[in-house]
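Consider the two complexes below, in which subunit A is the common component and subunit B and subunit C are the respective partners.
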Partner chain A sequence: MAFDVTKHTLVSKHLKVSDTEKESVFKQYNINSKDLPKILKDDIAIAHLNLKVGDLVKIERVSKTAGIAVYYRVIIEG
Partner chain B sequence: MKAEHEELIDSYKDKLPLLVINELKDNISASISKSDISKIMEVVSSAYSSAKINPGECVGLVSAESIGEPGTQMTLNTFHFAGVAEMNVTTGLPRIIEIFDARKEIKTPMMEIFLLDPHNKLENIKNFATKIKETVLGELVSEYSLNIFEHTLTIKLNKMLLDDFRLSVNDMVKIIKTKVKGFTLQNNEEEITLLQKGGKPEDVKNLYNLKEKIKSIKVLGVKGIKQVLPVRRDDDYIILTSGSNLKDILSMPEVDATRTFSNDILEIYNMLGIEAARQAIINEVYRVIEAQGLNIDIRHVMLVADIMCASGAVKGITRYGVVKEKASVLARASFETPIRHLINAALAGEVDNLTSVVENVMINQPVPLGTGLPGLVTKMK
Partner chain C sequence: MINSVHKKINSIVFSIFSPKQIIDSVSAKIVTPELYDREGYPVDGGLMDLRLGVIDPGLRCKTCNQKLKECPGHFGYIELARPVIHIKFVRQILDLLRSTCRSCGRVLIPDEKVKRYVSMLNKISDDEDAEERRKKVKEIISKYKAKDKCPHCNSKQEKIKIEKPYNYYEGDVRLSPIEVRARLEKVHEEDLVIFGFSSSNFRPEWMIITIMQIPPVTMRPSITLESGERSEDDLTHKLGDIVRINQRLFENINAGAPEVIIEDLWDLLQYHITTFFDNEVSQLPPARHRGGQPLKTLTERIKSKEGRIRHNLAGKRTDFSARTVISPDPLIGLNEVGVPQSMAMHLTVPERVTEWNKEYLRKKIENGPKKYPGANYVIKSDGRRKTITDETKEEILGELEEGYVVDRHLVDGDIALFNRQPSLHRMSMMCHIVKVLPGKTFRLNPAVCNPYNADFDGDEMNLHIPQNEEARAEAKILMLVETQIISPRYGLSVVGCIHDAITGNYLLTKELVFTRNEAADLLYGCGVEDLSSLPDKDRIDGKEVFSVLLPNDFNFVGKDKSGNQVKIVNGLLKSGLMDKSNLGQESGLMLRNIFEKYGPAYTADILGKISKLGIAVLARRGFSIGIGDLDLQNEVSEEISAIVKKAETEAHKLIDSFYAGNLEALPGRTIAETLELRILEALNRARNKSGDVAIRQTKESSALTMAKCGSRGNPLNIAQMTAVVGQQALRGKRIEAGFNGRTLSYFKKGDLSPKARGFIKNNFKSGLTPNEFFFGAMTGRDALMDTALRTPKSGYLYRRLSNAMQDLKVAYDGSVRDASGRVVQFTYGEDNLDVSKTKNGVIDVKEIIQQTIGEKK
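So, the complex of A and B:
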């Protein structure tokens, strides 16, 4: 691919979530991974992060209403 | 503002969104004392938390009403700007429906191509525009003649057009050779003759097919770009196209691959991922809403976009999309084609746990919303 997907204005920042951080997210919202929105493993925007199924992705969206909105997605087989 | 004051405001980062924090920083004047700032912060954060949606609020219903009511005032037809140098773009209700259904084929695919310096200047924009516009061989041909006795097809090329595109007859022969098999080519100054080897009288059909095929051979440009229109946008010149091909355009070195986008949501999903698709849905829907002069809070559109993208792929608000994902049989049946859903559920032996709203409305039970959400337990004495 000749262009960098992550630099595109439509693509929010995708970050890897460590296992300890993952647990604290689950605890904070009182959920488990099946309650979260999903992202496919072969999604082009997380190709550079080297993640496996079951990991969390933290997404920092630039939002008109909140400035920066944090969103989590769990990786599923795609 | 003093550093310690800024620190105090920043300590509310977990409670308040960034936008509010920045607004406070901009508006609190330097003369205000630290204790007053902490009072302000308390008031702001309590106002913010009381403005939050309560648990159990039926946000989906509120969104549906908030988008649905102004939606009745939208124009029903595509505008045709006859004689104006603008593209025809689907707007109004048909466009909204198209986006929310997540259609595979949209009516008027379109791109906005941003270019890098120096290609975004007035004098260079036309070169790039003609470079990407798809030109098919059919546009360059002035005459076709079929000879069914000798099994030949002769095409006469329009010399003036060829010169415009800086092409020669030999270039055309090369292009045709790569696309057409089983014919020998001969050419002179402006004509190309294709001869079928060992043709029989019944092979006339082949010649007709060949003629149609030749018409659609791509000579120049990017596949799918039917029309180009350079326009001025702020200080840049950008290109609007009718027809979309993000994959090829984004890979071109002249293109600014950080801003160029298409109005085809599924194409964006394939090229840039699910988060970009969500953002594109919001942008596209909001653009239509604004163009129609309506006033819908963007949070409603965000909610719909989140639902459409929750499964990792773009799902339309249709019986094949998000409704299919619902766990409850009765909820699915209440949307469209109820009999099919009920029969399939019966065959599969599905169980409905009645955990959501629609199914409880159907069987006349309290719905798990608002005050119906928590279960109350009384202590018996």
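So, the complex of A and C:
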């Protein structure tokens, strides 16, 4: 049985971003996917989300100063 | 360059000159190795031909008819008797020779695949970048060289070898540059794309030199020695060799000399041209001066740390700057810098003559360069510069009119940038106001040592004088010391009182009482002129004196170093002591709050006054330390030695039970480790306890005062001096190694007792035993090595970080972007806080609400 990293306290919550939400993120920051930070498609933290290349992942990090800090990554070919 | 052309650069193409382009662009043909005729005049067609530019003042260029400094120089050319390989293209030529057909000149890739590769390469350069494309090109080339049959004409291919540095062989036959050139001429244009050459404007045979460009004299100027002798540049020497051999080669060919002689000369020409481009080619002896020192030719001029790029382009030097040793002066302002008068007479500020300052500048000119405050130069309306001397003074004063610019000496109040390397953060370069002082060192207020990380053990600092209004305004508004008081790293003040200033204010607010006259005297002495807020009574205590400096509407609640509340109500210090946690650098919110409420200038001013007050108080009261400060009463000494003895017996008991085998191991430790840990714990406990006893029992002394208010030293230092130095540790353990099984030959093998493992039970005052001293030296050396090794390591680490992050910035939408607009953080620092606008990294919402509501009523 493999260890489930997503349950680890140090692994931030990775969430799927819907297409409409993705558009609104692009619009909010006036960017497109090449300006975003990347994450490999086969990264274990997003393996359970069944995403495809080009999708966005929303990462909710626990921050000491800000409570929850939101971060986005675009999925690239592994 | 007055008539400069303004055009926007759209694109840049890198290519190689074709022989035709060289001839078209050139202004002289060089035919003779002679430089000057008998009159010392440059020979026409020689290497110093006047058509190649001017290097002598007064002469005019024969090509562009401009004078020295105006004429940029012009290229010449020589026609080589035989072609020669260009040393910098040896690799490319080899690639081409190897992967093209020897008879038809096509690339050794089948037609259908050529197309595929080309489109693939184009895709890579579109998607990725030029770097990726270059990698792919390399991959393709290495795949197809050494094919033994041409897919186009089926002719058999020979293996091409290279004999370094520039001889090509096909099998065992040497290919002369002529043959190589012939091969390259056959290469098809469309195949060149595969090799990474753009096909337009480029032919591979241009990599073989037939017509050689001669650089203009302006880039190889000769220098005239004092003896009147001329000394030529290294490049000119090299070109002389080339022209001479070329001439001889021509003559020999025309005379029909034997092939061997021609071959030899040809080789020699190849050698000279190679070393002209690069004198550090391996397998080739470098060309040397008569003295034996190697010539500095083209490549050496550009590359390495002393080359054009790192030395001249990246490492610019600047005028109007100065450097000297720094020393402290607590009496000058926080934002001032003391400049030696001798420097002020060389550093100048240009000032334009107007109706209003004419007389003032006239006086400066009258003083001249040797009498301070004077002036060194005058720049006339037409831009010409005149040196002010005793001889020219009268003339200049006569013609002085509005529009002239006078380079006057630096005077008090001028703007300067002050810097100490390593410039790690923005506070490493701040703007100061000049104050011209006697002496030879820069003087700075000791309170600004911290942002510069400077001390006065021989540190040197740099000073730069901005030369125009824009630069001065920028420096003053953005970089002035007081604007930098709040650190962007942790949102607290980086400057503050130090040493005596803290001690003085601590004693002032703690215990001193003055008569009204004394108080007024003290305050007036540190720049307070308005004494109206000084209470009207005979005995004025220190808190009241200090309160005079505070603004009347200042309220503050905080803590002092010992944890007592500091309360300031309406500018009156009600309770608490002024110690390091309120006045010191990098600590306390008092300075931070003053800055927030009253602004930069006021903060700098009040900080200066507080500092001066502290120093003045201390000077008046008197303050010194001596060995008597470390005296303990007998009972206390006995108490301490009892504590130490108890710890030692405890340790011995632990050791006994360890040998008896009934020591219980801590979880996850061996018994031996447990023993170590427990001994260490017992000894440290004893040290702390005796330290506490010592601090508590030491009579009020200067040393203790300083430790208490945080100006210098800490309780541990005092404990080590009065009570017990304590356990010495190497790598987190008691001292182990040394001799076999023991630390020193004095001890028995396997001795685990405290004294055999580096416990120093004496104190610095009573003195250490030789063994103890040795243990102290061991840890001392270890600490020294550690810092010596860590400093450069962390410095390099920091450098890499700052270089990697140098162009990240916070965009208007609050995200952090790199130079090309890519997102690094979606919200700056995850919380969107500008640390320099917070108090130690937090926003005190409660206080803000209180203030807002409080002020409304």
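Here is the rule we use: the second predicted complex is superposed on the first by the 77 of 78 C-alpha atoms of A that agree within 3 Å, B and C clash if a C-alpha of one lies under 4 Å from a C-alpha of the other, contacts with A are read in each partner's own complex, and residues count from 1 in each chain.
As a convention for this text, a residue touches a chain if its C-beta (ideal position, glycine included) is under 8 Å from a C-beta of that chain, and two chains touch if they have at least 3 such contacts.
Everything quoted here is computed from the prediction, not taken from an experiment.
A.B. asks: Counting only touches as set out at the top, which of subunit B and subunit C does A:Thr9 meet: first, second, both, neither?
C.D. replies: first
A.B. asks: Report for A:Arg61: first if it touches subunit B alone, second if subunit C alone, otherwise both or neither.
C.D. replies: Both subunit B and subunit C are touched by A:Arg61.
A.B. asks: Just subunit B (first), just subunit C (second), both, or neither: which does A:Asp43 touch?
C.D. replies: Only subunit B; A:Asp43 stays clear of subunit C.
A.B. asks: Once the shared chain is lined up, is A:Tyr29 touching subunit B (first), subunit C (second), both, or neither of them?
C.D. replies: second
A.B. asks: When the two structures are overlaid on chain A, which partner does A:Ile76 contact: first (subunit B), second (subunit C), both, or neither?
C.D. replies: In the superposition, A:Ile76 touches subunit B alone.
A.B. asks: Applying the document's definition of touch, where does A:Asp19 land relative to subunit B and subunit C: first, second, both, or neither?
C.D. replies: neither
A.B. asks: Of all the subunit A residues, which ones make contact with subunit B and with subunit C?
C.D. replies: 37, 61, 63, 65-66, 69
A.B. asks: Report the residues of subunit C in contact with subunit A in the complex, numbered from low to high.
C.D. replies: The touching residues are 813, 815, 821-827, 829-833, 841.
A.B. asks: Mind listing the subunit A positions that touch subunit C in their complex?
C.D. replies: 28-31, 34-37, 61, 63, 65-66, 69-72
A.B. asks: Which residues, counting only subunit B, touch subunit A once they are in their complex?
C.D. replies: Touch residues, subunit B against subunit A: 17-22, 250-251, 253, 257-259, 261, 268, 270-276, 279-280, 283, 298-299, 302, 306, 309-313.
A.B. asks: Report the residues of subunit A in contact with subunit B in the complex, numbered from low to high.
C.D. replies: Subunit A residues touching subunit B: 1-5, 7-12, 14, 37-40, 43-46, 59, 61, 63-69, 73, 76, 78.
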